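Some structures are shown below for you to check.
The two complexes that follow have chain A in common; it is paired with chain B in the first and with chain C in the second.
This part shows the complex of A and B:
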């Protein structure tokens, strides 16, 4: 057992309102530079939609992530030999039009305009060429265009859905959508690290943050291809690749990453998880239907004496262990089993987990005979020939989930490697918590019904209350449990700090004239 | 001290320069050559003899008795313009010598007169109708040349075997239609039927001392040895003979067609193998539909 610690995250999608405050916070701090304008280390996309870059989930286009062969795994697009053969010609890279051409407006034209008959106009200019452009797309064009056929219906996650199911998703008045905020997953088995020909990318030992060394990067861009989440970006100005750094300078100071700090919906949670590094290969090369279980298996119980002993032997600080025990991530992912990794089938073992959204599946469409109602109408009135009813009742406990307006299969394609049995228990648990809390606060449900809801999902009333508390009431320190960074120890792994002792810091070379 | 040594050095240099110029000028005194002789040996000799029979062009012995001086000057300046203007004598000569064009010579009247006087001076002996046979240093005559000699000639022609004095290979400017030689340059005349046109002696003579300005410039400092010109003549004679028996394949066109077909096949194969490669933005079709103001 090789115990290591990893800063891990949970995004609660039920709470995301799609305000993009996280994206803006990140952009203002990190990517508001020449060459980085098009990058969104944090982006929020609308699902169903093609995302950013367009169709990033379709690995037949971009060849990201790992693929299983002969019981082991290899990189889909690059890797040792494939990477060498394609090192000067890598056609699977996203082009700028797959992201979008960043632009700004000529605001000075508004301010400095002479008096004219018409209003002055600020034309959009490209941030790449500096010339006026026609805006073609943006980083969340799917949302801005309200799910046009071009974007929503080209979502790669619609793959296993029957044509009837797909069609049902886009019927007016039945349409549903949710937001998917994405940052670098800081994977346990990162494809970007494996693909880098220069060895510039590394996973930090003490907290598992994946970083690109800007002094070593040689612009091969293999990481851009290899990352299945397309979270490594090439800066065309500096000629280096860049990615989300999980605001490590903030984390080291005990602050939360900017995107999480600014999150309006408070959807983001951050904490430490302990994992067994020896079993990463085993977990990453599991069968498709066991991928999630295997990944959750290598996450260790921070209360287990053996784990604690092994962690200490590996040099993990007591403060980090304490943080792991209080980690909200451990609760969501392991204790309650509410959160799943995004696209586990890419086999990178992402350490950012998502609580799937319940809202679009709350109501279902049930068959109804609207004929009788229509007969009462005036002959010249508009007649509705639809035979369905938008049903929000809780009469039936779990029927609404199975007959969801938003097909379970779609969620399963996103979070369950296509397996719906991974999604429905989570949605049932979330329903059970709601039913329980409704009985507590409103009290209009029978105790029998509430109990059957909780026992069906295996939750105790205390657990349901805890889930409710961490979901809805949690304060800053409960959502973010950041261990002290112990940089003084981490730096000693790389450098001999005694060499520098006495040669830096404050002090007076000469005594001041006034005397000391 | 410094001044004297400098002075000594200057004196040495002066002595050396005088000595050097003496040596060069001495050769002029020892081997006097008239201007006419120089011109004749440099230019005319490749195609003409004086009393030694016809080569490419006629034997010029006693030419001063046959034609007037003004006619000769005009003809030497530009034989073709005379042929084209319909001068009966000029046309007759042109036809008699297989319509081989005599190159125009940029010579002054005085220079031409010098040449003519040199010819007159040399026109003493009797006319020899038999041309001297072309012989290899081993004594082998051109008629006795067989495959072995043809092969050596071919190698010299194609540059597989370098010319002894470092001249460029014939193939860089000339082409010969022959199955054993790849297609050559198109800068100068095609030599497939050179022997038919110029005769064996003419070809040999042109190789030995080229009259054409470019060829002359190329070989004047890299003379073709007499054995080499024997081999080349033998090869050209054989190539001329072979081509009359069977039309050889035309390698230039084979290359062209093979290139076009091969290229199409190659791109077809690449296109098939990598058909699924990402070639454009995934949003290309969407962007193409958009209205553009710029």
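This part shows the complex of A and C:
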């Protein structure tokens, strides 16, 4: 057992309002530079939709992630032989038009324009060439455009949904969507690290953050192809790849990453997870339908005596162990089983977990005939009567999940490697928590019904309360449990403190041979 | 003429080699960040394929061809003793020469016409590209006009190059060569001279070590076991983080 610690995250999609504050916080700190204008280390996508870069999930185009062959795994579009053979021209590299061409406006024209008959306008100019451009795409170009033919219908996750199901999703009255915020997953089996010919990308041992050494990166661009989430970006100006650094300078100082700190919906949680590094390869090469179990299996219980002993032997600090025991991530992912990794079938073992959204699923449209529909159309206001349109009642306990407005298969394609049985227990649990809390606060549900909801999903009332508390009430310190970085020890190891003494007047320029 | 010959075939080679040696090492040590070729595939991907791939595979073949002829003149002559084998070698090399030339012309046109690629082009890129075009063109001319170069290279140029590298330059074999061949040699040394100042350094850091390193890479910023041992003294372990 090789116990290591990993800074891990949970995004609670039910709470995401799609405001993009996270993206702006990140952009302002890290990617507001030449060559990085098009990069969004943090971005928020509307689902169903094609995302950023366009259709990033479609690995028949981009060849990201790992694929299984003969019991082991290999990189899909890069790797030692494929990568070096394609080093002069990488056929699977997304180009800037797959993201968008960054632009600004000639604001000075508004001021310096001579007096004319017409108002002066600020023309858009490309941030690459500086020439005027016609804007064809931009960041979040598909924002809230779910249901449109260009975006939603090209979503790669619609695969294996029946045509009828797809049609139902995009009818105007039934249409639903949710937001998917994405950052680097800081995977346990990162494809970007494995694909880098120069060896510039590495995972930090202390906290599992994946970083690119800018001095070693030589612009071979294989990581851009290899990352199935397209979270490694090529800076065309410096000729280096860049990616989310999980705000490690902030983390080391005990602060939260900027995207999490600024999150308006408070959807983000961050904490430590302990995992067994010896079993990474085994977990990554599991069958498709066991991938999630295997990944969750190598995440270790921070209260287990054996795990603690092994962690200490491996040099994990006590403060990190304490943080692991208080980790909100461990609760969401392991204790309650509410969060799943995004696209586990890419086999990178992502350590960012998502609580799937319940709301678009739960609010289902009643089965009413068209005649009845017309009757319910409010004759004066000409609007649908919401009580009729969406059935959010809890009459039938789990019926709404099975007859969901939002096909479970779609969620399963995102978070369950296509297996709906991974999703429905989570949604049931979330609904059971709602039912339980409704009985506590409103009290209009029978105790019998509440009990059956909880026992069906295997939750105790205490657990339901804890889920409710961490979901809805949690304060800053409960959402973000950041272990100290122990930089004081790092400094002792990295720099000779004797040098420091000598340089301030102690008199030694070289290390004293026999001790002072 | 003697002065010019001495300059082109004695002074220039030594200047070029010394500058190359010191320049590449110094740049690697001091400006590691810039030790690569600035890829423009991200800005323009399709046309690049028809330039970069033929050019690179061609020039790699030509480079190792010249290297083999220089290092193993005897073996090359032995191989060429049979006319069919000579023909195979010459035709293959000529095809690779054409491939390189066509690829290079593609790259040059792309660089000059694509507005996005122009934004990541500097003067040195153009100088290098023009020099390479000239060099390959001269090479093709020699291959066509002065046949069986693979054989006379071994008897004329290998001795000269060996004499340069053994610090005892003998230029007699080459001063009577046709001007085209002399130009080809001088341009080659000029390109070597410019390597440390241009994007050409990227061939020096071709990532061969990728083949034998493990796929995953984890770096501890400090020795996690040592740091917790109260009996260990401070040590001057440098960070392994490059």
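The rule is simple: the second predicted complex is superposed on the first by the 454 of 516 C-alpha atoms of A that agree within 3 Å, B and C clash if a C-alpha of one lies under 4 Å from a C-alpha of the other, contacts with A are read in each partner's own complex, and residues count from 1 in each chain.
Throughout what follows, a contact is a pair of C-beta atoms (placed from the backbone, for glycine too) under 8 Å apart; a residue touches a chain by one contact, two chains touch by 3 or more.
Since the model is a prediction, treat every value here as computed from it, not as a measurement.
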Quick one: name whichever of chain B and chain C touches more residues of chain A. C
Which holds for A:239: it touches chain B only (first), chain C only (second), both, or neither? second
Of the partners chain B and chain C, which touch A:136 in the superposed model: first, second, both, neither? first
Based on the superposed arrangement, let me know which partner A:60 touches: chain B (first), chain C (second), both, or neither? first
Tell me which partner A:475 touches in the superposition: chain B (first), chain C (second), both or neither. neither
Which of chain B and chain C A:128 touches, first, second, both or neither: second
Which of the two partners, first being chain B and second being chain C, lies in contact with A:221: first, second, both, or neither? second
With the two structures laid over each other on chain A, which partner does A:150 touch: chain B (first), chain C (second), both, or neither? first
Is A:91 touching the first partner chain B, the second partner chain C, both, or neither of them? both
Once the complexes are superposed, what residues of chain A are shared between the chain B interface and the chain C interface? 91, 93, 95
Residues of chain B that touch chain A when the two form their complex: 274, 276-284, 286-287, 290-294
Residue set of chain A touching chain B in the complex reads 50, 53-55, 58, 60-62, 91-93, 95, 97-98, 132-134, 136-137, 150
So in the complex, the part of chain C that touches chain A is made up of which residues? 32-33, 35-45, 48-49, 52-53, 55-57, 115-116, 118-120, 202, 205, 207, 209-211, 213, 215-228, 234-239, 241-242
What residues on chain A touch chain C, complex-wise? 75, 79-80, 83-84, 87-91, 93-96, 128-131, 189-190, 193-194, 196-199, 201-206, 213-221, 224, 234, 236-240, 280, 314-317, 489-490, 492-498, 511
